[in-house]
Amino acid sequence: MRLTKEKLSSFYQTMQTIRLFEERIVDLYARGQVPGLAHLYIGEEAVATGVCGALNKADYITSTHRGHGHVIAKGAALNPMMAELFGKVTGYCKGKGGSMHIADMDEGILGANGIAGGGLPIAIGAGWSAKWRKTTQVTACFFGDDASSNGTFHESLNLASLHKLPVLFICENNGYGISVSQAKCTPIKDIASRAVAYDMPGVVVDGNNVVEVYKAAEKAVKRARAGEGPTVIECKTYRWRGHHEGDPNQGGRYRTKEEIQEWKEKCPILQFEKALLKEKKATKTQLDEITRATEEAIDEAVLFAKESDYPSIEEMYKDVLV
Amino acid sequence: MRLTKEKLSSFYQTMQTIRLFEERIVDLYARGQVPGLAHLYIGEEAVATGVCGALNKADYITSTHRGHGHVIAKGAALNPMMAELFGKVTGYCKGKGGSMHIADMDEGILGANGIAGGGLPIAIGAGWSAKWRKTTQVTACFFGDDASSNGTFHESLNLASLHKLPVLFICENNGYGISVSQAKCTPIKDIASRAVAYDMPGVVVDGNNVVEVYKAAEKAVKRARAGEGPTVIECKTYRWRGHHEGDPNQGGRYRTKEEIQEWKEKCPILQFEKALLKEKKATKTQLDEITRATEEAIDEAVLFAKESDYPSIEEMYKDVLV
Amino acid sequence: MREITYCDALNEALRECMTEDENVVLLGEDIGSYGGIFQVTKGLQDEFGAERIVDVPIAEAGFVGAAVGAALTGMRPVVEIMFIDFTTVCMDMIINQAAKMRYMFGGKGSVPMVLRTNIGAGRGTAAQHSQSFHSIFAHIPGLVVVAPSGPYEAKGLLAEAIKNDNPVIFVEHKRLYMTKGEVPEESYRIPFGKAEIKRAGEDITIVATHALVGASLEAAEIAAKDGISVEVIDPRTLAPLDKDTILTSVKKTGRLIVADEGHKTCGFASEITAIAAEEAIEYLKAPVIRNASPDVPVPFSPPLEKAFMFGKDEILESIKKVIAYA
Amino acid sequence: MREITYCDALNEALRECMTEDENVVLLGEDIGSYGGIFQVTKGLQDEFGAERIVDVPIAEAGFVGAAVGAALTGMRPVVEIMFIDFTTVCMDMIINQAAKMRYMFGGKGSVPMVLRTNIGAGRGTAAQHSQSFHSIFAHIPGLVVVAPSGPYEAKGLLAEAIKNDNPVIFVEHKRLYMTKGEVPEESYRIPFGKAEIKRAGEDITIVATHALVGASLEAAEIAAKDGISVEVIDPRTLAPLDKDTILTSVKKTGRLIVADEGHKTCGFASEITAIAAEEAIEYLKAPVIRNASPDVPVPFSPPLEKAFMFGKDEILESIKKVIAYA
């Protein structure tokens, strides 16, 4: 790992933050404190972390219904995030959007999205915008394996390649839509193999290996900033929980215990931790300290969310039009 | 050409019928006798003829806004076709659909379509239907090069391959959308090269060579009837006229005279006629007789259309619901 | 009579129709072994197999269009769109293809398909999973738009929808799925275009849809205690619409309230109100009141979503207003 | 003042805005050297280049969504959808993305984009190229819906649309493109949400949109000869809607006619009628009449299409009806 210790420990911190944040949601959701739908990212932390690790603050991302990891990795703050999940006025969206619509224009987060495949056209628009405004900004577009069967995938990749837009198409392939496996959604094995149909590079990486993801993203970012156009990066990974909290026995209805167990053994965080220690890039105490501090930050976020007010009823009528 | 003389002369007759029908529309349209939009097929006759030549009456086609050639090749009668273009009650759609909506359920013509790319999902539905009903029917789906950039292309090819549906995806690549060349619509050269992204065979053929088109279609039909799934056949061709009658100097605004001339020299009918005579598959007199008879049939169709009545006003309110 | 949920009533209608007619097939996301996000297709794949109950990828334009093509060629497909919000990605197949084919083809061919979906806020799923824009489909000629208000309607209307030769947008309601009610064991069909007078009354006419039928009946019950006699009408199908039953009632009562969960502007409530203003104005003794959702996206925050929604109380208020009106 | 066509007025607004602000870009099919199917963008690519006036393939969801993303990140894109019929293939980007982002994001971010398209029958292009379902967009909160009725409105409203920070559905009218009218050379903006009283009158209020504004004025002129004084109101924007101007007029005249080319059921005409029935019923001396398109797809055959359409004559009939009404 030719990366600096700082970079590497930042990866660890980001992944740990996502993991602990999501685990807290599991608990809060179970206790009925988080309303609505929560699609958790546990098991996929290395994808968002590796990709956003290759981006700058000025760069953009478009996210999905499973967006907590993406926005945390891109720089979202925990307090307004947690508050948003509680529907509080101190949340990122004043409580009006919730889990599926967290956005932060200052951090280049163009919004989670409740429409599968809905983020792809928006992402190429952000890329086009950077090209028009002559900035070096790139846009990373996250989408799932199932979403890649939607027409927006085709239209967006075609337009992005045609106009050499600075976009990274990040396919998070966790093997399932809601309950349907990839094999029942498409005849092909690798979504990235479709890149050739758009004359753009497509690579498949181990989505549970943060460094591998980072390196692929870094390369794609270089290409994008150089005006050479978009890249597809397919990250093979797995979600540990059900499709959403409340999915009958956490997706056990359509996935075998064995399969889930297998993937848990490939935990992106544990693997990374082992590597860091083995290669002496960090000490156990350093990592434990990161974990402890993260726990603290999340405790604080929950407290912040709980103590915050709900928006006033008048808020319902605001922000419809500028 | 290992085909029977009968088959070959039927190709000649079909292509000639399309050509003469369309040329008559040019004239009638210019004299204001055909209302609305007319997208003519002149120059592309070999595509519909070769493809439909490989189909049975029970098979299906979905067509496009440029549908006259498809429906004639699939067996539509000239009288109700011409009458429909005139908006007469004796037309295929009682005059209610016009050029872009000609359909004939008895001939397996599931309708021309005014929505570019709109026919693809409908075609896979017809294919799925045959599979469900356990018939050997196949469906040929015609669409243009520009329409292939629409999301329905992606969704339909993915579903068709996944479920091994008996469908032929016929991309009529005439190099242009309305005024925009293929190069401005997609970064790739051959639309058929996208077939790999769906794990299905994709072939490129000379769309001005009726026998070549026929052979590719015949092979794809065999594969489809055998339950092996769909095929993409891209037919390189060219439209001689403007996108629609009334397109400023017949598309001369965005295409060079030279380019148009080049393609006219590759006339699908003249080439085929030469080959037939050279290989002694037909005599000039035979072909001239076909042409004469076709002219006659078209004269009759025009007379039929002109003498037919317009639908009564009450017709406006009928056929909205069954 | 035995009582079952709205969800089970729908499931029963699907099972009956699939047993009766092998040309009935189901396409949708997670409708197979998963049973559908709201469990409406539960158990059907085990019973009828994966060939007839097909799980599809997120390609709504593709599989809804496939249903159109299949319907046109002899099948009776029923597609499930998980939330009405997602019909936006397959709107062309609904509005320009399914709805218009028979007309464009001059009466040739028919599209006997059903698109099942649902509306309704109240589950904290925010602006893209809570909409109620069923009125959009009522604006488009060539579609039947069904709005089942309870378990009995759910079963009878779905059976009719599947057997009917028109494209049907079958709009279910999220908050009703777990509602129980009496439903006959035997199969039956509820005809389209025939409203039902759920409660007869003399002073006020309420035209209500979906969950608001129940809310209106509750409000009517309370109003009765104050001696106000309310007639509650459930149109059951928004298109075709049973204008006669509605106008007859309005002419009798002279007061009209409409309760529909769609946004107020250009919604179904506007249509019913307009019909009364056009064809029964001389009978109207008070302003018509539209109880509809505000013209804002559905907010996530629980108190805001609660404020967005309305029911018995708001309808009762409207009742008092129109009665109080001099 | 010099007279130019509706089409040229639109072209002029685009040119002015593009000259003023380099963040204004155009995306659409054949809008480049071809100048757009109705020639609205004629000459602009020569002037501003192919980077800012971009011809795109048939990928409406892709390029309309791209406009949303670009608008969210500092651009002011204007997209052209050749016919409103084709908005069905990009409905999600309009209804679930552009319209809702600002609200879902709690007021963060804005989507200053314009989607130009057109409605109207009369060109023999049948059911998929002649629709007028602009009311669908008025039903969705978060969108501005503009309906320019003439060249003056076309230029001033389009300039406002481009400079406005909201997503705007700019609904042009096919039959008006070649209509000439007085249009100032200098640039100007017509504010949204402000109706214009095109003709003052005492006996009847007509609320009309698009080409029907002109038709209503002609009808009013003729009615005047019989001593009937008609007030004609052009809302100019369907959303936001200037209810006050309309209600003030209705309360004055006591008679209302609405003329909109959309289908009758759940259309804009229904909305205006409902507003009157809800907020001004005590002033209404006669039934409201909706002059709207019938609830059938647009037929191709010339005599049928002619019967489908309506204008001066039908409006005049409505005027006589409401006046005759005892």
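Lettered A, B, C and D in written order, each chain numbered from 1.
In this text, a contact is a pair of C-beta atoms (placed from the backbone, for glycine too) under 8 Å apart; a residue touches a chain by one contact, two chains touch by 3 or more.
Because the structure is predicted, anything quoted here is derived from the model rather than measured.
A.B. asks: Comparing centres built from CA atoms, which chain ends up most distant from chain D?
C.D. replies: Chain A.
A.B. asks: What's the distance between the Cα centroids of chain B and chain D, rounded to whole Å?
C.D. replies: 36
A.B. asks: List the centre-to-centre spacing of chain C and chain D in whole Å, with centres computed as mean CA coordinates.
C.D. replies: 30
A.B. asks: Determine the centre-to-centre distance between chain B and chain C, using the mean Cα coordinates as centres, and give it in whole Å.
C.D. replies: 40
A.B. asks: So which bits of chain B are touching at least two other chains?
C.D. replies: In chain B, the residues touching two or more other chains are 93-97, 101, 113-115, 149-152, 154-155, 158, 162, 184-186, 320.
A.B. asks: Where in chain C do residues touch two or more other chains at once?
C.D. replies: 56-57, 59, 61-62, 85-86, 88-89, 92, 96, 103-104, 126-128, 141-142, 295-297, 299
A.B. asks: What topology does the chain contact graph adopt: line, ring, star, complete, or other?
C.D. replies: Looks like everything touches everything, fully connected.
A.B. asks: Where on chain A does chain D make contact in their complex?
C.D. replies: 60, 62, 91-97, 101, 103-105, 110-111, 113-115, 118, 120-130, 132-133, 139, 151-152, 154-156, 158-159, 162-163, 318-322
A.B. asks: Which of the residues in chain A come into contact with chain C in the complex?
C.D. replies: 35-37, 87-89, 93-98, 100-101, 113-117, 146-147, 149-151, 177-180, 184-186, 253-254, 310-311, 313, 315-317, 320
A.B. asks: What does chain D use to touch chain C in their complex?
C.D. replies: Touch list, chain D to chain C: 61, 85-86, 88-89, 91-92, 94-96, 99-100, 103-104, 126-128, 133, 135-136, 138-142, 239, 241, 262-263, 265-271, 273-274, 276-279, 281-282, 284, 286-290, 294-297, 299.
A.B. asks: Can you name the residues of chain C that touch chain B in the complex?
C.D. replies: 23, 25, 51-52, 54, 56-57, 59, 61-75, 77, 92-93, 96-97, 101-110, 141-142, 144, 164-166, 240
A.B. asks: Chain B touches which residues of chain D in the complex?
C.D. replies: Within the complex, chain D touches chain B at residues 29-30, 32-34, 37, 55-62, 85-86, 88-89, 123-129, 294-297, 299-304, 307-308.
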